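Both complexes shown next keep subunit A, but they swap its partner, so subunit B is in the first and subunit C is in the second.
After this line comes the complex of A and B, so read on.
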């Protein structure tokens, strides 16, 4: 940039974020290493040696990972289809896709409770057509959490993918085919790598969103805890703010590791993306 | 026998025919251009040959085999896109190697053939660059190399030069012609630029509304357009529609509104009873001399507009057969309002449908 003064435009945003995001996060992280005035890693040691905590951590990662993968599998074809449409149809379908994001997560989770419950819509339908003999236990399991989270986050991956895919020149696919590639090969070698930036951003949004989601797992997961509900429990119920900060720090670390890994995959698949 | 034959082919979008009962034959080793205004069906024809579009009716024969239902990836035709369509995530080398790797060519041979073809398009040493790092002309040459390296049975160009600036366009078309002749590869070339088509083609097909109006070598089309549409398209902008036509000793006499014109038989392809004549502005003569000249047809008129074009003057002359445009070099130009005579050399009167 030629005009150094342009950087001043960033100032209000940077100031706000520093004051209300960066400083609190740094303070939270710093507080995990101090207890009663001296340096300690006891909090991390306690957390990571308790099998109960590790199980919660594992459940959280598993739910987030499955949610992300299912979102990719469901979102990728849908996004590809939408990206090929004319402006009008595209607008309508994108608006429909975004709909879940516009409803309150409490309302949405309660709807899923009605559908997935022991005497819910799903079980009563399956029972009445004789597909199952006794109600399925879905509600208050990780599966229910995943369903709720997929419903919540599918729009994110669709939107980011459509944004990237509609900028891919449709002639590229034709070029690949004219050079001898089957539809599938052309898709794998051209469309997929070129969609990678959208796929990575979408996946990060979904994974981090699932990792930190609170309402959906709290309502649909029942006693089955995830890390965010566990954090809340430590802070509010047990009033153990030190442990809550440790958990928060671990969540931040996981987030950064995931983003780093995803970026590594992205550069490998699309060096010039 | 022709290498490529389109037989009564029809293509339609939403019941709107772009091509109907379309026929085309292309000989081996030729470069044939499809030329016409936008919407004439030239790109549709090309995409049909490539396999990007499916014919509703008709057959497409290639080298004696029925290709109508053969999918794009099994045709072995090279296609050069207007947008170049280079894979942005691959280097020049990988772009060119794409087709070879799909053909399971060994990596040593891939390397050798890619380097060889990059030399042909004068891009040796650019292997590691990415499309983003190349100029328009270089991208174009990568696109050509990528289409050529698979040793295609047919090479297809879709307005390949329209995104380049004027100078580069002239260089590239010479280059395309050179490569095409060097490799002796049958080529179909689509453009809306007539100079471009005429300069590089063995034959030009001029299309209008989904029909080929004339398919000839460039010189013949340039001299003897078959229809009024083609005549207008290539710069004949004076027309006279006659009422009567008689023929005697190879000489044609045409009459309209009390005027008699003579025209020589031209080797043109218009119908034997065509009564319309087309004339280029460069071929008509404006004169004030009253003396009779039996060899030429003449028409009295008035100069309506006189414009300086640099090398010549352009006059619009009003007559009782309408306005005529004439380009003529003159030391002292005619003025607006001046009474003149228009001369129509009889060998420059081209009969068109």
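After this line comes the complex of A and C, so read on.
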């Protein structure tokens, strides 16, 4: 009984999450199957058979995927470097890496507007050193959106990777090298598989974050929308909560599919888990 | 364990009950006649845009609060968000400020109370078109603004005079237009139909004309602040905007010009309505009357916050700069039929998404 009593400690958290997370989500999903009192999948059928909607979905997935890949490429070496440092330097560099997360996404997006704009920092410096003849059109394109998202989510992947890499015993590398592995092989066979849990969690966070981000695409993106801005348009401007819920459910499903796929990849790459 | 569970339940039940109390204010018995009673202090919840909040608080709300012994509580947000909250039924708003486009949606959704015009005598002092833009049962327009074109003459060499000038290829890559989902979106669609040579609105030709201009558009703006930002950063040099925001543009680009297009600018009317179920209906009517009074209209006009609809006030040329003022100006404005616009808006948004922005 004493041990069972410990479960009570979970109760407030579980109660809170059930009331304010699980029930609303279940209600949102359930509402998509009912229209005018009867069961229907018409909403999904309408959404998924419309090439225009699929195009928005595709753009969103593409942007999220590119963001995730670039975050991995930039975050992995940085995390590896940080994890090798002493406590003091590590603290400073981690704080710097997390910094973007501490500013509001509106402020961050506005900074990017100033940098990427026609008269922005980037264009004016490239123009003045003569690398380009007329300003690059970056702002209000998917590229600007991706730059904003990478800036936003890079810290997530660095934090999770550093956490995992710190725990890799440096002796393992030495052992691998003494057994004749080249540095690259040692990296591929030892560091990479052992970092896999951090990489997977980090990638999931980045991918799902990019998929659902609203402010950054709304401010930096151009004429073409992504799924979150489309959802907003349906809910707020059109007051079509049914379609908005359908889109939300589709986003939830995509999220779970992505998490499942990533876990599959992880087991493949690192069977011992 | 059972005990803990029970106490948890009662705590949550209690907090729910408390939350339920928050919005409910005691209904005031109606006064003898005319003004609402000034006895016990009450709370009036006004849902409005966030702009010039300091001005409204000090110059408009405070005197009313004192006179009527009432506390004015604000709910801030854009048209769509605020209307949505009211439609979801989860708000205690008494009075809601909305542009005519959104107010019509509120009427269609049945979320507004019918007003008693006999309790709002100042209606007699305002322009006829402002009295009942959405029907006798609903609130008046307290301000009429003009939707015209602003441009930066440093970057746009040809003078802009008309809506048709927006289609000049010289403006490619320098142009912004309102998004179809914003209040002024349907106006640009109407202008496109006009430019295509139609007297009455022709949807197909309007969309064809929009398609022509699309490649030259940098971004379709959703918020006026976006427009002002892009103009200041020289991302754009020309685009249609409401006259009352022109002063923000001029603050950053002093040479900027505002034009009332030859074909006529569009009237943007902001209305004020009472939300269904309001327990302070009479007080809210008093506030509408107050909002239309010469005193308030003059203050807002002089502060260049809202263009006046009250005909009894007169402004000097300097005071009228940057606002839409005068019977002659008002009479030239083009008006859209908001009922028709709202009926078509969903189809237009869909068509716009598919045909234009792709």
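Keep in mind that, in the parts below, the second predicted complex is superposed on the first by the 271 of 273 C-alpha atoms of A that agree within 3 Å, B and C clash if a C-alpha of one lies under 4 Å from a C-alpha of the other, contacts with A are read in each partner's own complex, and residues count from 1 in each chain.
The working rule: a contact is a pair of C-beta atoms (placed from the backbone, for glycine too) under 8 Å apart; a residue touches a chain by one contact, two chains touch by 3 or more.
Predicted model only: the values in this text are computed from it and were never measured.
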item	value
Fit or clash - subunit C, subunit B, common subunit A	fit
Contacts of A:21 with subunit B and subunit C, given as first, second, both or neither	neither
Subunit B versus subunit C as contact partner of A:30, first or second or both or neither	neither
Which superposed partner A:194 touches (first subunit B, second subunit C, both, neither)	first
For subunit A as apex, the angle formed with subunit B and subunit C - C-alpha centres, to the nearest 10 degrees	150
Touching partner for A:182 - first (subunit B), second (subunit C), both, neither	first
Touched partner set for A:48, first subunit B, second subunit C, both or neither	neither
Dominant toucher of subunit A (residue count), subunit B or subunit C	C
Touched partner set for A:92, first subunit B, second subunit C, both or neither	neither
Which superposed partner A:222 touches (first subunit B, second subunit C, both, neither)	second
Lowest C-alpha to C-alpha distance for subunit C against subunit B (Å)	39
Residues of subunit A that lie at the interface with subunit B and also at the interface with subunit C	none
Sites on subunit A touched by subunit C in the complex	5, 8, 11-12, 15, 19, 52, 55, 113-114, 117-120, 137, 139-140, 218, 222-225, 233, 235-240
Subunit C residues touching subunit A - in the complex, by the definition given at the top	1, 4-5, 8, 12, 80-81, 84, 87, 105, 173, 181, 214, 217-220, 222, 229, 233-235, 346, 349, 353-354, 357-358
Complex interface listing, subunit A residues touching subunit B	169, 171-172, 174-182, 185, 189-190, 193-194, 270-273
Subunit B to subunit A touching residues, read off their complex	50-52, 71-79, 81, 83, 85-90, 98-99, 102-103, 130, 132, 146-147, 150
